[in-house]
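A, B and C label the chains in the order they appear, each numbered from 1.
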């Protein structure tokens, strides 16, 4: 039972990590039906930016909490700028073209970003110093959950609430829903579709950056490749929950996290990455619209 | 658009240059190094003007290219110097004698190649041939069928492992019986094609209902699972270390030096490439090929024309997988060593890049793409580390500006004479 | 009216109590209609009335929630076709065009029609690779047949043109040619003259008559162009909010108060 609890909690932490990335995935897919392969790279760039800037601030003897604040804020800004730029360069010219074109372009962007970071920085794994606070009251339970995990869990919860409110109650949220439903109609009734899509990429990328910083702090390392696998897993989580649905992305992420950690704990750790793919295959075969997704009907 | 001044363009590009200088500052100018748990940051200020100038120039070019792209969309017959050159070459190639002569010279060169150049170059060319077969196979799936397969390397792996496992488990009994184990190559070649085809059908059965992008991601999943299974079932497949000492193909019991063996495999590969081209061309120009293309163009209309989509998709995956299986056997014979690392997602993506850059749906395109992507890094060693970066950029540019690829498909033209109507 | 249509008043398509619901929305609700052999019938109604949905139910794109669709097949037997796949329904002799043109845009005009002839070809993959004489003959036959269909629809000057580059009116005609190539006995045209000018509409009207009179193909069309509908059709069904509100000859429909109300509002 104790073993199970341990696995369950580590699965929960994992799930909340996936959720941070999956939320961005699901938002972009919900609006322009694009599997944004580069989303994982944005998350990696968020992590790298935090590492670089944090390192710079820290070596200039800034207090730790300021280092944390600045590096997180700046990495969010930079990741959003990347997301915004990528959409403008690589996706916008392909709008209205066959859907696979944009998908191929996204694969291209993902490769370019990975190799860009590899060439501009390093191919090695870099240790990632954690600037996150340690909660002393959590000390007795540290076998089950540590401070970083708790922070990740909390941040995920806050972001999910924030996003749900944003989409339900704000003007831009309404415009997003309209665009998701019918881009053409939205444009006709005066929604600035380009702006909506840009904002979607900016929000999605910010979330990825937050995820990047938190996860790298948790894992304690980073390299140019971490985004790809995480990105695909987050995508699996988003599909599992029902792509386009915010609570779906979070639910899917937790299910994936639990499956992975229970699977590695009880079955075999050799296949840790395979669980996600098996889940993906099963869900697409049984219920392609995901747990909380709605059925999409093609217009004839 | 005409009234827009050059000055405004320059101003805009200037702003874009600044945007990129800021955007890329942390990653390009700063370089992080962590020692003893402390991150050290180094500044490479010389990068900053470089980024600025590059962004300025590229943004200007980009805007012109986009405009050109739009104009071309409106008037598809716009002819530049490039179009004229193309017209000229196609005019000459239209003359049968010239075309046959060119083909003859090309073939003669290809046959003389291993004798003119050394073993190294022969091996490089074999790899290129293997990629041509792979690209032609994937071209059936992506180019004709319009189904994005991101797990294609798995079929390549199925082919290679067919030969590898056959060697590992049957090889010693061949040797014991006094039969040259090189025979296994010739047994594996058709067998691998069949097994890969079966895998293709098996894989496509569950994914038939899925839309294009989901299909792409699920093939990716299948590909990765294949690799993980090969990696983790060490008892059977040799795991991460793979299978080694795979025999060279049998040739009348002659013991071949590595040099001679390479030449031999070179010729086997060239014959297989020719067979692939022949078969793929025939398929493309047949009822089957047309049905695949119709599916790519519009699934609903295709079905309304009485074409069975399920069957069509099965055919697509099966045909594509077959060639990958064949290529896999050649690869195993050439390197005499296989392990799961040769069949990663990146392998699938490089083959996809060859198809997309060369020309989706175009046989010469797939060939050209495969040669380009495999030979360039070999002969421009300095560029080797930028390889994936350049390919990635090239793929994005092609998809945006030249979706048909560098060598687009030429569609068959028909002519009718009045007398035919008499029937 | 052609003569053979008068002597054989047999219904060729029968729809009974057809309903189609998307979630809670009933797009069509208990529609019954029938088309006689050799007839040109029209299905009209305001936008969103469910006309295309009926087409989709007949041709197998959707599985109707309730009701039956049956045809008198080529052997004269009655058979149900609802719930079958679109390609099977096409084999049974129903062909259609689409409201928002769905051509194989990157293929040539001739190839588009050749796809329609697909099922008249027997050769499989192996024969395609070997390309024996029977395959070659078959291929040549299909090319010629396709050409003749294009000629009939006055598209023969475009054979090598990419379908997507054709002018709009020609694209609509090509869709009809492609549908005809599947050898149907019933042709369903979804807004065949939408976006055409008066001259093109007139020509298409002739084409529709020719298809019926010379090829003996029954036609059901959806159209908003009332002059075409009134000129060409012998029977008209009027649909509003998913329900059938009227049925009759053009003369009767013109005078039907329900129809006038549906179109003009109250």
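Just so it is clear, a contact is a pair of C-beta atoms (placed from the backbone, for glycine too) under 8 Å apart; a residue touches a chain by one contact, two chains touch by 3 or more.
Just so it is clear, the model here is predicted, and its values are computed rather than measured.
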Please list the single chain whose C-alpha centre lies closest to the global protein C-alpha centre.
B
Using mean Cα positions as chain centres, tell me which chain lies farthest from subunit C.
A
B-C or A-B: which has the larger count of contacting C-beta pairs?
A-B
Cα centroid separation between subunit A and subunit C, in whole Å?
48
Rounded to the nearest whole Å, what is the centre-to-centre distance of subunit B and subunit C, using the mean of the C-alpha atoms as each centre?
41
Subunit A to subunit B: how many Å between their CA centres?
30
Multi-chain touching residues of subunit B, meaning two or more other chains, are 300
Two-or-more-chain contact residues of subunit C, please, as numbers and ranges.
61, 98
Would you please write down the residue numbers of subunit A that are in contact with two or more other chains?
300
In their shared complex, subunit C is touched by residues of subunit B numbered 76, 279, 282-283, 286-291, 293-294, 297-298, 300-309, 315, 319, 411-414, 416, 420-421, 423
Which part of subunit A faces subunit B closely enough to touch in the complex?
33-35, 45, 48-49, 51-56, 58-59, 74, 78, 81-82, 85, 89-90, 93-94, 97, 99-101, 103-105, 107-112, 114-117, 119-122, 126-127, 129, 232, 235-236, 239, 268, 270-271, 273-274, 276-278, 280-281, 284-285, 288, 298, 300
Enumerate the contact residues on subunit C facing subunit B in the complex.
59-61, 85-87, 90-91, 95-96, 98, 102-108, 110-111, 114-116, 118-119, 121, 123-125, 128-129, 131, 135, 139, 142-144, 147-148, 151, 156, 159-160, 162, 165, 178-179, 182
Interface with subunit A, subunit B side, in the complex: residues 19, 22-23, 26-28, 30-34, 37-41, 62, 66, 69, 146, 148, 150, 206-207, 209-210, 212-214, 216-218, 220-222, 224-225, 228-229, 231-232, 300, 349, 352, 356, 385-386, 388-389, 391-393, 395-396, 399-400, 403
